[in-house]
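Before anything else, here is the set of structures, which you'll find just below.
Shared between the two complexes below is subunit A, which has subunit B as its partner in the first and subunit C in the second.
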Partner chain A sequence: MRDFIIPSDDRDMGTPAKQGAPVTLSIDGIDVTVPEGTSVMRAAAEAGVQVPKLCATDSVEAFGSCRLCVVEIEGRRGTPASCTTPVADGMVVRTQSDKVRKIRKGVMELYISDHPLDCLTCGANGDCELQDMAGAVGLRDVRYEAPENGGLANHFTARDTSGEANPQWLPKDDSNPYFSYDPSKCIVCSRCVRACEEVQGTFALTIEGRGFGSRVSPGAAGDDFLSSDCVSCGACVQACPTATLQEKSVIEMGTPQRSVVTTCAYCGVGCSFKAELNGDQLVRMVPYKHGKANRGHSCVKGRFAYGYANHKDRILNPMIRDSIEDPWREVSWDEALSFAATRMRGLQEKYGRRSIGVITSSRCTNEETFLVQKLARAVFHNNNTDTCARVCHSPTGYGLGQTFGTSAGTQDFDSVEKTDVVIVIGANPTDAHPVFGSRLKKRLRQGAKLIVIDPRRTDLVKSAHIAASHHLALRPGTNVAVVTALAHVIVTEGLMDEAYIRERCDWDEFQQYAEFVSDPRHSPEAVEMLTGVPSDDLREAARLFATGGNGAIYYGLGVTEHSQGSTTVMGIANLAMLTGNVGREGVGVNPLRGQNNVQGSCDMGSFPHELPGYRHVKLPEVRAIFESAWGVEIDPEPGLRIPNMLDAAVDGSFKGLYCQGEDILQSDPDTKHVAAGLAAMECVIVHDLFLNETANYAHVFLPGSTFLEKDGTFTNAERRINRVRRVMAPLNGYADWEVTQMLANAMGAGWHYTHPSQVMDEIAATTPSFAGVDYALLEEKGSVQWPCNDAHPDGTPLMHVDGFVRGKGRFMITEYVATDEKTGPRFPLLLTTGRILSQYNVGAQTRRTENTVWHDQDLLEIHPHDAETRGVNDGDWIRLASRSGETTLRAKITDRVSPGVVYTTFHHPDTQANVVTTDYSDWATNCPEYKVTAVQISLSNGPTEWQEDYAAQSTRARRILPAAE
Partner chain B sequence: MSPEKMVYMANQIATFFKTQPGEDTPQMVANHLSDFWEPRMREQLRDYAARGGEGLDDQVRAAVKLI
Partner chain C sequence: MQTAQSGPEEDAIRAIIQEHIHLEGPLLPILHGLQKAYGVVPQAAVPLIADALNITKAELHGVMSFYHDFREVPAGRHVVKICRAEACQAVGGKALAEATLAKLGLEWHGTTANGAVTVEPVYCLGLCACGPAAMVDDKVVGRVDEARMAELLQEAGA
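What follows is the complex of A and B.
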């Protein structure tokens, strides 16, 4: 294994990069040219000169408090701090002289006089900037000694020299599971406080007290790190120059000695990390500064929640069983694969070619996904392949495909830095896409305006130093009505960008559209009763978006997971075209993708109707490409989508499934129907890290590998293809692409891949938007956004720059059609679902980490009014019932939700929110309507019958026979 | 798939295309069905329509003849 070489400019440059006109100056005799506004410190770093520093770091603005970075500048008096002094043309700087050396030594001496000298046993030994700077300034002696008879004024000894308790000493705060705060090592440089504010935007930390009494403090008086507002993103830990804020893993395992750059396997932001290791032991994950999605930031999941990779629940040996009533039997890989292959082929012989299929994983790599869909198309000889995007962003694929011509998000994440007005609709980025959420909040603090369209008051609506201009708290299920009403205001008030529309869109279609939206029945006043959104607020929001400068729309599953998911996506595209907000920086339509590689899994042809690159299987010229590459005939008919597979299974015509890295029993709607479908199949192959819920119905279990254990690529929500690099050997023996290959070969495929780069070469050879992608390019550029081909050799940060992919942008009529999931006397409340920051999706990974300290169970949020009329108190067990099923969970009373609306997360299998969700789905794509379920709640004594039966069945289904001697 | 669910899904598609400009709604519905419904689903729909097609939207009935 070759470690990715960290570029030499991974150094801390001291202050953030600036953009501006070039300025040339001389530093220690070296001429250097930097953008205007750059600090002298950063200019020096650019010239290869490191000025000693403590309070400066390039993730936050300069502060100028430590005075260690003083320099001399010709013609200027005194010794200015290089971190806060901007460069000027012709400036002559000296970073070393007797004078500054003396100052620095004095400063350092004072710092060290109040710092313990336990370097050799300190958790930051070898990775401590205080230690480095003491060396750099040549500190050899500390003259300040404690008086003999007590009265010692320092922060680091628990008792003074007379034995009295030292009132300045504070004990270590170990409340956070991942890092500790040791106040005795703090130098009050304020880097952590500034990182929490500037990088993360949570403002959980502050400097309490004054002068010598100044301390870093989380939250209010009496708070510790865990009870404070801290979201455990790690930005403070990253910024801390000493051992004050330190990863517990480093304290325990020692300083890491090597690092490999890779990509996070949680959400669709796709943050780059340095996996820092000792040997093959992962010590910590550190956000990678040059990662273009995250720019050096991280969230609690990617930064800390990787412990699942070594969790005791991981299954490392293949297992089989004849019937799901039997216990599992551990067998060799050969036996498991031959068992699986024989069964699958047997099913095809008995029930027909189209009786089996695959579900590709949006958590696995592009290469792995490509192989799984290839297994269906080239080995099973059918198109029965689908992926979890079916249940999240399939409407994005359809809606943006119809309007713009491609199902891609239009921007990169950097674009948010240029936006002026943001609409966030059906998304909760501070919880579900936290690093993007932080970047958005940063832009909002700079003055950009925000419109939130969400039934729930998310943190973006109002939190520290940000507030939405408008929160349109619509009734779940009325997205189309609200989006169309926004367009109504823009068109009827003449606020659209006519020149843009004339140039880039089909004018006839626009006129039909304009006539449609102008109808008074789409006015905010007309739909107010339906949507619950005050018409004045909606009008103001529409005017703001149309006239406020660069307008960007970010959306999530609150848009797609509805009966009219695809229609809302089209409505969003209409709004963007109407206001001329596609095709440049700071604007665009930005689907926030759920899983790490949901974009990639769609790109790779996971959908049953299209081959890689979003090309329909009905097209003979497309099939011909793959037929010649693979030497097989491709079925020209679309295959079954996940809900269709389950329906066909219940009907008896779909019998076998290979499901990679996906837990459909927990994640898909109407759990009872999913269970019935799985139970009706004769061969279910689950390929996963854990015995997930779906595995309760499986006959073959193939152990999977984590993202740390394989090479490949993930594609994030900005279409960015990022490398995943193997940092340790797979505990189960094989990377997932190898397992798929072995299964394919057991069925007679004859594949011979020896490295995922060969799979990428095959993708590039068959898929025009990937034509220019190979591992050498990714190594050179770090990452690239598709399309990447001869026309765009460096990739494509912004889509539709010179015109829409389909030619003319197409306005679509978006008539509101109410969902049939309606409230009534039996089910008077509307349930909507979502995620929480610390947990991820079905929780298979995060529930197996310390993240459970923040969220150990799903709670039902209910408005105080609805709670009161039902006699529900905060924390009560309640029964949540819909026409599909019922479950129990505890209540959380909050006015985040409106009266009539309740909300829960779906991270825990013992709650199983999806027992309650229904089989209604998006009209175009069958994406389930997770976000609207009519429910009733009542007080409960404990688990429902379903929960008890389910728990018993799970326990029974997870029995493993002891291995034979 | 239960007939009720199939009828429901097919009618949802028709409901959308009925709102779109253009004369040929059945063709648009038929195209959508051909592009996204697996053959056995279309077969089930055809059979159901042939047996009276209770509950099917008129546009779906017309579309079935085109798939």
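What follows is the complex of A and C.
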């Protein structure tokens, strides 16, 4: 339907948009044309006529229970509900007549007879549809009263006048930290139940009982919201027309008076939100209906977990210290910046131009990232820039670049609505990309088939109303063998799309590839012992994918974070080409990016060998563009990657680092090595919201700003450039781009940006795939997917539509090479790592919100067999040891993991799962092998020596001297 | 999750679920099957049904709480239902109900101390022409007055 621009029309259209042939009808004398299948209610809304309603909202299908939306239709009997009546050509509808007015008033009177009349002190006052509708139908009187001596016939009075308890009254449920459920205000419209089912797909709510006893119930009898299956996505709160499900922040702070549309700063889905405020106080975050990534949905993190922005741990003043043994000293911005600039310049003089570098952040905006890499290239005069994408999706860049010619994911998220068979490999979208997870589950409930390739039984494998057709529970580290075996089945059984391959791919290369995969050593039977995947299951899965219609592959860090990460990415691209599944809706290769701006930080030239737009720094014509734009000479030699920086630091040749918005000590593998590298540097500048773990080794701390405090853009996993808008002034005084600019200027750069839009203009002027992007376009369109230039002025939702970017798609040989990290008698188990819904990455933000009620510590998942042979019970303290190090945490016994495999999350610094992970990495890109570590576990009495030393060191390193009087 | 030891009851419940799972809309037949076998839908059956049908405990609760006949605690050996709908009320159904409850000293849905009889309201048994109507277990009875009710209760052992 209409795609509104900002500021948009945010009206509730009553029922969801439909697609179909145009149908014209007349509503209150206004002619309107809508797609076939549209409800009369929605058609009326399109015509600008609001039909009163309570149980309908446009996020869920019509239900027809409240009977408030009745209308008269010429030639039809009675008064049909406009929400459930589809339009027909030539229909003549009257939404107002004496008859329907009388019915509506009567309905409303009944509703209000069982609703408290405390509107003035109600949390939803001014934002209540029941209130609005009572006004709209002109309700002036409620005649119904409880009969004398008949008891209280209502749900909202706790006790009658004689003090007798009302059995129908239920107390408020405050168990969820972010919203409350007040049954006394419920009108049982089922909108919350339907939102939980249709939008979120969790099915945590139901209506219990019947008739007058019908109540919304989370979970089963005796459950409250917290103990139910509720994932706190907020869809029910969004759908509730009254104060029954209400954000606690609104109850506390009042109804918000203004709103700003911005983009969530958590995962790579990049949901659009309306930040709703009173003055500069954020009251709530509401998913934005016209956000093209989320289409009005949200998860617990984006919707509720923004409390970190005002957390007491946030550092608001710059700090410096001579040595990391000293306590921090709060100083002025000038002093901190000149201290940092002098030190960095001094290091370059003493140890050479290439002795310092930067790490850009996937959490910051495109504009900020661009400036940080520009700082390295134009001010430091070297290419020592890298980003956290190194440790997540660098193999995607390499693998897709080799096969398709660009690292970009091929689809938009809407594409999932057209897919028929989905392979999810090494990704757990319901936890890590929840809004996409919900969209995928919706498609699965409509009948699409699912193949999950994951060592762990994720929620997608089986949860309410969805189940994977095949779960290939492979041993960690054998992705390549499984993917190649899938290709083996497709090729040897002749299931490939030959016409597609002949037309779009290099036929000679395909033939070599076909010969390679047809080798019997790649057959499912041959690799079964290695991968642990039953060969029959694998064959069936391959046949399903090749023949099931539109096939889409979604993958995450379970693919990339391996010693053969790049090879698996190429194997995935091979599978997509083999089956003809690239270049249209419903198909494609879709990397699920971990962080909000991983895509953008890669696009912006954060890598040491690539200038913005993925162009190699060796190419003189590319350097020339930036040399003339920036007026400096650019180093033609690629710089250091993060692991190389740390190695060089330990060797003594790398001395200074500016690290923006990333906590490499906690997030990068082999913590001890990272710590040693950082400790060997002479100037570490940490630019962050909090004294993170890396800051324990820093000499300068520059306070950062949150996404609520700055303008800019994030680019999500579908290459969508979304605006981030400043909602409030930075608490620390400056947005991050200003801080980087001040540091650059302290080193003599002479930059004078006054708004991030100027940085975007510079990006557009130097980078062809962004050539058409500017803030005016983003205001107009809401968002745009790159490439956006003269050839694609409106951006590019789908890649490779008329052929691959590189010309002919290239099949790559994917030989399985086992990782060097092997199990043995001392370390017989394989550890793999992942995320959980309520926490995010290293937890710096989510640990500082009430999300900790769902996950207050990292747990080690272990199969009952492995636990039993080691005498481990659920909840025991256990020691987790690898060849790199050891840590302790509590055990959770579950058959989600296979025997021989253990799993944990890395959200809490006191656990430090990365003390255990090794420094093995991807052969092509150095992406660390987080997902495979040989470990042993044993019972333990408490924290390891490392954990105790670390805790002591970090307390010492975090001392702050009181500011000088 | 500890792998639960499969007791005999769990296996029996699984067998009942399996008996009906091939049907279209198998949930109600399964609940009926369990209700028939145990007089209740046992608590132990809840996770098993949810798992077998791939539904949530909330959905199951929604269905079970809608139908009065799916019980969480067992009823008495006999269930006496007294019609409370308009036609029966008009010919003395209300008085009959009140008298019966008073005689047995019960509230609606209550069970006599000896476990013999549970009294429940029902809304229309389709016997409007010969009200007041009642139902004892599976048998409907028309034109029930207090004397007839006393007989029925005596037969039932109340």
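In this text, the second predicted complex is superposed on the first by the 953 of 965 C-alpha atoms of A that agree within 3 Å, B and C clash if a C-alpha of one lies under 4 Å from a C-alpha of the other, contacts with A are read in each partner's own complex, and residues count from 1 in each chain.
Here is the rule we go by: contacts are C-beta pairs under 8 Å (C-beta built on N, C-alpha and C of every residue); 3 or more make two chains touch, one makes a residue touch a chain.
Keep in mind that this is a model prediction, so the values were computed, not measured.
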{"item": "First, second, both or neither for A:Q512, with subunit B first and subunit C second", "value": "first"}
{"item": "Partner chain(s) touched by A:A924 [first = subunit B, second = subunit C, both, neither]", "value": "first"}
{"item": "Subunit B versus subunit C as contact partner of A:V817, first or second or both or neither", "value": "first"}
{"item": "Subunit B versus subunit C as contact partner of A:R303, first or second or both or neither", "value": "neither"}
{"item": "Common interface residues of subunit A - those touching subunit B in one complex and subunit C in the other", "value": "none"}
{"item": "Parts of subunit B lying in touch with subunit A, wherever the complex brings them together", "value": "1-2, 5, 8-9, 12-13, 15-16, 19-21, 32, 34-41"}
{"item": "Residue ranges of subunit A touching subunit C (in the complex, touch as defined)", "value": "202-210, 217-221, 223, 228-229, 462-467, 864, 874, 893-895"}
{"item": "Residue ranges of subunit A in contact with subunit B within the complex", "value": "354, 383-384, 509, 512, 563, 567, 608-609, 616, 618, 637-641, 644, 647-648, 651, 653, 812-815, 817, 820, 919, 921, 923-926"}
{"item": "Subunit A-touching residues of subunit C, taken from the complex the two chains share", "value": "1-3, 46, 54-62, 65-66, 72"}
